[in-house]
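Naming follows writing order (A, B, C and D), and every chain is counted from residue 1.
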């Protein structure tokens, strides 16, 4: 399974149901957000420690897996509709962030790069 | 660039900065949501039609690309921390959805599967 | 019903169930986001025009009302826990925005204030 | 400052700038979500304990106040556009939740009402 073949599956799924009319970037951004909201709900009352073992509970693990798949689906679909190469975009972003967050300045700090000094 | 190698880059990036302490699933779910919020802001005042040509404007295109990369980054990082196979999860979800949304019932309808009858 | 009395009701509700332990600002921010996600889901496939008549459908109207109440509940609860005067904060923000968005520059434009020139 | 007078201020602000065209319920739901995302970002790397003292830092306190005001603004504006009485909706919701979450069953538990048994 590659990103490209998953996007192809999602595109066929939409085309077979005449759903392309709904899949504008605006609507897909909303759908992505809605799925993120469902994912967040699973974690909202857990402590950070509890969240690290969430997959030990089969019921919760299945929900996490399903919601993350939904987020991924809308993200891939949106990238496809926008003709945006998501893997390339992320690889580029990681490079940019290497410059913004030098390891010796950012070590152990959750600050934004604008606050790192240097 | 595969999902696995991007996850490896993100893991190294975090390890080099001693950021693993911040990357609990709970915190990553929040970060994912925050990035989705930034993505949605680009589209909030656009009409659906305007949203389909958002990539024609280089300034907006760069913002969309960057925010989608951020969403993707936190999604991949979260999957890695949870040891969850995102591509497998999505492939499985598409199969489940084929059963929930039969093409002949779902055609042209944006309803939830519970409302499709059949 | 005032904001203060609603906050008092929400505080009692939480106290009676020993839920104060869960109501940290971090957790409440997550819960707020989760409810926003459910609200967005109602609107994601609607056109902007369809969204303006969403209250004509009694089933959808009830969902909108319920999700907006949930968003409001977590927002009020969070403000209460942070001892933040939400009405004062908003009144102040409106004043600030009068300066950022002069009517003669912002008329009919959905741009951020940094792009308004002047 | 009451909800009604704040909504009146927000409506005038929009009318003076000819922004009513942008304020469809769909768009306002997106804007609300975007502001929630900015609020969540403040808390994403904080521990729950750190989040309880977020207002002790004047810089962070100002950001929290501003983002919560923005969330409140779009929630009030959306309720106004939908002609929905937010205070009544919340008061009703609290009553419904008293039935769903009996204190003796829900005490100290962050479970959904469907899991409370009883």
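By our rule, a residue touches a chain if its C-beta (ideal position, glycine included) is under 8 Å from a C-beta of that chain, and two chains touch if they have at least 3 such contacts.
Labels paired with UniProt names: A, B, C, D = Nucleotide pyrophosphohydrolase.
What you are looking at is a predicted structure, and each value in this text was computed from that prediction instead of being measured.
Interface comparison, A-D against A-C: more C-beta pairs in contact at A-C. One finds 3 Å separating the Cα centroids of subunit C and subunit D.
Centres computed as Cα averages put subunit A at a distance of 24 Å from subunit C.
Along subunit A, residues 22, 26-27, 29-30, 33, 36-37, 40, 43, 45, 47-48, 110 each make contact with two or more other chains. Chain-to-chain contact here is organised exhaustively, every possible pair of chains being in touch. Only residues 1-3, 6, 9-10, 13, 16-19, 21-22, 24-27, 29-30, 32-33, 36-37, 39-40, 42-43, 46-52, 54-55, 64-66, 68-73, 75-76, 78-79, 81-84, 86-94, 97-98, 101, 103, 106-110 of subunit C touch subunit D when the two sit together in their complex.
By the touch criterion given at the top, residues 22, 27, 30-31, 33-38, 40-41, 43-45 of subunit C touch subunit A in their complex. Residues of subunit A touching subunit D in their complex: 26, 29-30, 33, 45, 47-48, 110.
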